[in-house]
Amino acid sequence: MEPVSSTPDRVAPHLLDLARRVSTATLSSQLLKHGFAHAFMLGVRPLRPDLRLAGQAFTLRYIPVREDLERPGEFDNRTNKQRIAVESVGPGDVLVIDARGDTRAATLGDILATRIAQRGAAGIVTDGAFRDTPSIQTIDLPTYAGGQSPIVSTAIHHPQDINVPIGCGGVAVLPGDVIVGDGEGVLVIPRAVAEDVIEAGYEQEQREEFIMSKIRGGSSILGVYPPDERTLQEYAEWKRR
Amino acid sequence: MEPVSSTPDRVAPHLLDLARRVSTATLSSQLLKHGFAHAFMLGVRPLRPDLRLAGQAFTLRYIPVREDLERPGEFDNRTNKQRIAVESVGPGDVLVIDARGDTRAATLGDILATRIAQRGAAGIVTDGAFRDTPSIQTIDLPTYAGGQSPIVSTAIHHPQDINVPIGCGGVAVLPGDVIVGDGEGVLVIPRAVAEDVIEAGYEQEQREEFIMSKIRGGSSILGVYPPDERTLQEYAEWKRR
Amino acid sequence: MEPVSSTPDRVAPHLLDLARRVSTATLSSQLLKHGFAHAFMLGVRPLRPDLRLAGQAFTLRYIPVREDLERPGEFDNRTNKQRIAVESVGPGDVLVIDARGDTRAATLGDILATRIAQRGAAGIVTDGAFRDTPSIQTIDLPTYAGGQSPIVSTAIHHPQDINVPIGCGGVAVLPGDVIVGDGEGVLVIPRAVAEDVIEAGYEQEQREEFIMSKIRGGSSILGVYPPDERTLQEYAEWKRR
Amino acid sequence: MEPVSSTPDRVAPHLLDLARRVSTATLSSQLLKHGFAHAFMLGVRPLRPDLRLAGQAFTLRYIPVREDLERPGEFDNRTNKQRIAVESVGPGDVLVIDARGDTRAATLGDILATRIAQRGAAGIVTDGAFRDTPSIQTIDLPTYAGGQSPIVSTAIHHPQDINVPIGCGGVAVLPGDVIVGDGEGVLVIPRAVAEDVIEAGYEQEQREEFIMSKIRGGSSILGVYPPDERTLQEYAEWKRR
Amino acid sequence: MEPVSSTPDRVAPHLLDLARRVSTATLSSQLLKHGFAHAFMLGVRPLRPDLRLAGQAFTLRYIPVREDLERPGEFDNRTNKQRIAVESVGPGDVLVIDARGDTRAATLGDILATRIAQRGAAGIVTDGAFRDTPSIQTIDLPTYAGGQSPIVSTAIHHPQDINVPIGCGGVAVLPGDVIVGDGEGVLVIPRAVAEDVIEAGYEQEQREEFIMSKIRGGSSILGVYPPDERTLQEYAEWKRR
Amino acid sequence: MEPVSSTPDRVAPHLLDLARRVSTATLSSQLLKHGFAHAFMLGVRPLRPDLRLAGQAFTLRYIPVREDLERPGEFDNRTNKQRIAVESVGPGDVLVIDARGDTRAATLGDILATRIAQRGAAGIVTDGAFRDTPSIQTIDLPTYAGGQSPIVSTAIHHPQDINVPIGCGGVAVLPGDVIVGDGEGVLVIPRAVAEDVIEAGYEQEQREEFIMSKIRGGSSILGVYPPDERTLQEYAEWKRR
């Protein structure tokens, strides 16, 4: 087995830490300002809504199974693309699996998910299903899926390609893209705008925290959300403290 | 901004308290006796299944977005119908949003939800999505939605009308209707029958509590559920105590 | 009311206990080895993911309601097939309801679910909905459903047959089949292969526990998952201890 | 093979002829007057919209396939319920197949459809698929299906029962029910009200023909549709001619 | 009954004639150039793909039926909004019905469709169903629907408003918008850009006709589609002839 | 633009001719005998049910659109993968497009379809939509699609790869696979078994033609379908004539 390299174009770790502190709602607004309107995966839900996800995409593409492409139930770790992907992801990588949204069988189970966590990966995202989901939910790794099914992947899926551009949950994912997730779902940030989007998102998140504190204190939204000049000035002062 | 008045035809607060103690299952049976068979919203789920909802409908109607109706990302609190609705709802009101069941973008997020809670509203119901759902789940306000999406509402929705009859989750909702919800979902009780339905529902709930105590004690359903004369007499005695 | 007998072809209780310790993922792999590829119910989810289900199918078939088949809201315990089924299930039985996947109304509610639990049944499975789901979730009984709806069953369903072969969640269920469930969902094990599948499944579960311990310890999947000769030998030794 | 008898409770042939001259729209209005609101099959479309269907239901119930119930590709005409049904239907019968709305495989193909036509049956209705649909469309037999698929039935379906109550397209169908169809779809008329519904439907159809002639002539709907006293009088005169 | 006025802001008839000669594909490209990306109705199909539609929207909004809003089967032409709409539309109007995409019952049938045609309207569009579709297909009027059902509208729908902004097939429709349709479906052109879009669309249609003639003649797409300078010059000459 | 080569592993033209004379129903039965159960595309329908399709797959893979991958409305014939594919297909090729089943925008329109026909290709298959479908239906080329939409492809799709393994309608398609289609839909025959499947399919088709002639003549299915020894002998004689 020859492991496949992750993208060499890494995002600075402190930026990923920052990204984990910004909601997908806020980041999607920043993406929209850069013109990206197709960034949120539809039908992909967190198994662990309490964890935040931030990392860079390492992609795996499944096609529909065909009886001459593999023998059901057999996995050769040296040639099977799913297995090569599992043993290739490393720190900061998010394994993103294109399963065509088909959840009738799993895309992987708890042993592979544990191995991925052991390798230091940042998370797993699939628009297909996991199997052993009750067990996967006990791993401290942000995981997202379109469903759950105990059926082994080879009943429906054939792993075809590693680190090619894919679609997942209706969104284009290129290797190296920044993948972020919270309890709401998963957002894809194109690599080229990742720094800008995350930093502006963090700034927006702080501003909205201030606005929220005013609203919680009984303020009307008038002049506050969106903020007018006066509120922005108050915010500037609040931030300085 | 000119706030819009809630319905002046208020239900007595103690009746809403009573309604919060009756399950939607029981209330739906009472509605059926009044001939109302289309009262339960399909696909609308609680964000906080631990809270009970009871209040009167204040409606907001969205239509599909159109590029000449608004500029994405801009909200004028004085003219935007969504914003006017948020600053109009008051104690006892439930903001009910007709989003045509389209969950590809949000109908509102945590800042507006917090403002609605601050204004004393009884809850929020939408057959579209919320954004910032993880944050909204921390507000002590019964909220119900058809999904979750970080995408800002203007990507898909245009707020068109306030306090007109709408459809939500496949159910007609008229301003002033009584909206009740529990962990199962949301039920619409037409204003004209609200007192009757809630009071009879409360009576039924007590009777079924008695029946349940018998079943838990090992009784068969024969003669008990539905109750025969003897069981009804036992219930009358039980109630007197 | 004449109760209907459960299958006399019982599975030994210790096997059902064993089955409760094996995941549906593992059991589905064993079923595949016996040639059974259509065994997992689609769209049927646990109300109590913390409980494990194992028992034998006692089936109830609903057809669409028709206005001349019953009067809405009236239930005669002596003739209504739903009620006869409830008072017929016993220890080791799983009531499996074919509701054609239609969740617009319930298939049963908390009083009947409590009665079923009181009768010692092993669980309830429906591809329709339950009503009173918040209350059913408090019963210590594994229950699985396709949805939740407060609407009484007679709005959509007519109970037609007891203990005939049915479809549920897209899977054939014959009376006496072994029904197992965990947080992932429900699997149907044909009666004739139940002993083999459960025992082999238990063996596989132990082996995977060993493999998982190695993966958690930092091992690669190479030679471990699937296990090569050496790993199998290690497992044999581990097991002996 | 022992053929199964059709219902002995036959509708007079001239009534079925009459039924073929009334639209399903009109008949559904008459059914509603008798309190039947769940009579139209959803998702079941005509292969030959130019033909009218009227006959009595001979039902066939499929359950999901299971690998131990039959060997794929083998059909024993003496024991297979599908084959027995085909060789049992006769003049005036409509073979109605409950395929659980699953169209991933066929319920039957052109050879069996031809045999059914040869036996004098009135039509075939399934909420599953046909195979050989291009060929079936050339047979002068009203046929209705939920889809089309070349895949042989045994890939998905197992024929379980003949002439039991079933669901088809979301509607209860009892053996002997009157099944009518036109280009719009299929309607189920309970046997007990068939004469009344068809006769009143024919009367309504004539009246609406008269109304249509007035509308085509330029009349407003005011006083005409629905007809007032004067229009009804005109109709009485028109009819006399 | 007080008829409701159509929009007074009429598009010149020759422009509607022009629009009928341009495909929805071409017009959608022109709309995109004006920034309108949500203009095509999803799931709305022609009953008469041979006819072209062009007219201005006269809207009708349905909400879900409620048992206290009307008595099933009864229609008062003086107060029922559906009936008032039918007797209000005139030459150049397209009746566009918001039925929330619910096709379980009809939105109108052949008598009302005939009356609408008699009044000179340009067509009918609904994202719900028609009843009497076989009969409506014989009327020389472009009609589009989301489905077909013989069930009378009052089983599911209540006509609520006339000539308010609506959603239909996922597209915002404002009274007076230009509605065009061909065999592919229905497109909504905002009133303010109608002249520009139609005229530019007609120009584009001619250019593509020229391009098509070259492709049919064996030309490659290189330099032709999209056209380079030389091809545009050829087109200018071709057009002059 | 560098055109991409079609598979050099060509099927003999007379075999494709033979394939055009066999129904997809018959060919799917032969595929099943070779163990291929996932061969029929779901949701992909013929625009021209009167034409038969047989050719070899030339694949095109779309991923979801992303705003930085292309500028909407602009197509560079030298670099755009869709355009390169169009100018690469040749005699005997079927362009098969993986559009992830997303029909909200087109995958191509009538000018490109005409060019493909001009280049001698055998057909076009997509699980997305076409635009200009009314015009494409006039081309004498077998075309199959999942829907129709006037919206230009770049609104939803980005053409990513040519001649890689894809999924289309839920079926794996490898470059060079034999693609056959009739009025029922599209079937994928793996290259390695194409000769066997087509020849055995042709033989089966003839035998069923004979069986059909007997059924049309009034024969029962007993001993005829499936054929017993005697019928097979009769067939042998019939064939000799």
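Going in written order, the chains are labelled A, B, C, D, E and F, and every chain counts its residues from 1.
Here is the rule we go by: a contact is a pair of C-beta atoms (placed from the backbone, for glycine too) under 8 Å apart; a residue touches a chain by one contact, two chains touch by 3 or more.
Because the structure is predicted, anything quoted here is derived from the model rather than measured.
**Student:** If you apply the touch rule, which chains end up adjacent to both chain C and chain E?
**Tutor:** Correct list: B, D.
**Student:** Which contact partners do chain C and chain F have in common?
**Tutor:** For chain C paired with chain F, the chains in contact with each are A, D, in label order.
**Student:** Check the residue numbers that chain A and chain C use where they touch, and answer same if over half are used by both copies, otherwise different.
**Tutor:** Chain A and chain C contact each other through largely non-matching residue numbers.
**Student:** State the chain with the largest centre-to-centre distance from chain D, centres being mean CA positions.
**Tutor:** Using the mean of the C-alpha atoms as each chain's centre, the farthest one from chain D is A.
**Student:** Any idea how many Å lie between the Cα centroids of chain C and chain D?
**Tutor:** Roughly 36 Å separates the two chain centres.
**Student:** Determine the centre-to-centre distance between chain D and chain E, using the mean Cα coordinates as centres, and give it in whole Å.
**Tutor:** 33
**Student:** Please tell me the distance, in whole Å, between the geometric centres of chain A and chain D computed from their C-alpha atoms.
**Tutor:** 50
**Student:** Two or more other chains touching the same residue: where does that happen in chain B?
**Tutor:** 37
**Student:** Quick check of your reading of the touch definition: is the inter-chain graph here a line, ring, star, complete or other?
**Tutor:** Per interface graph, the chains form some other shape.
**Student:** For this entry, which pairs of chains touch?
**Tutor:** Result of the pairwise touch check is A-B, A-C, A-F, B-C, B-E, C-D, D-E, D-F, E-F.
**Student:** Hey, which residues of chain D end up touching chain E in the complex?
**Tutor:** Against chain E, chain D makes touches at 23-29, 32-33, 37, 40, 42, 49, 182-185, 187, 208, 211-212, 215-216, 218, 220-223, 225-226.
**Student:** Give the list of chain A residues in touch with chain F in this complex.
**Tutor:** Going through chain A, the ones touching chain F are 34-38, 63-69, 100-102, 158, 160-161, 164-167, 170-172, 174, 190, 192.
**Student:** Applying the document's contact rule, which stretches of chain F touch chain E when the two form their complex?
**Tutor:** Within the complex, chain F touches chain E at residues 1, 72-75, 77-78, 83, 86-87, 104, 106, 109-112, 114-115, 118, 131-135, 137, 148-152, 155.
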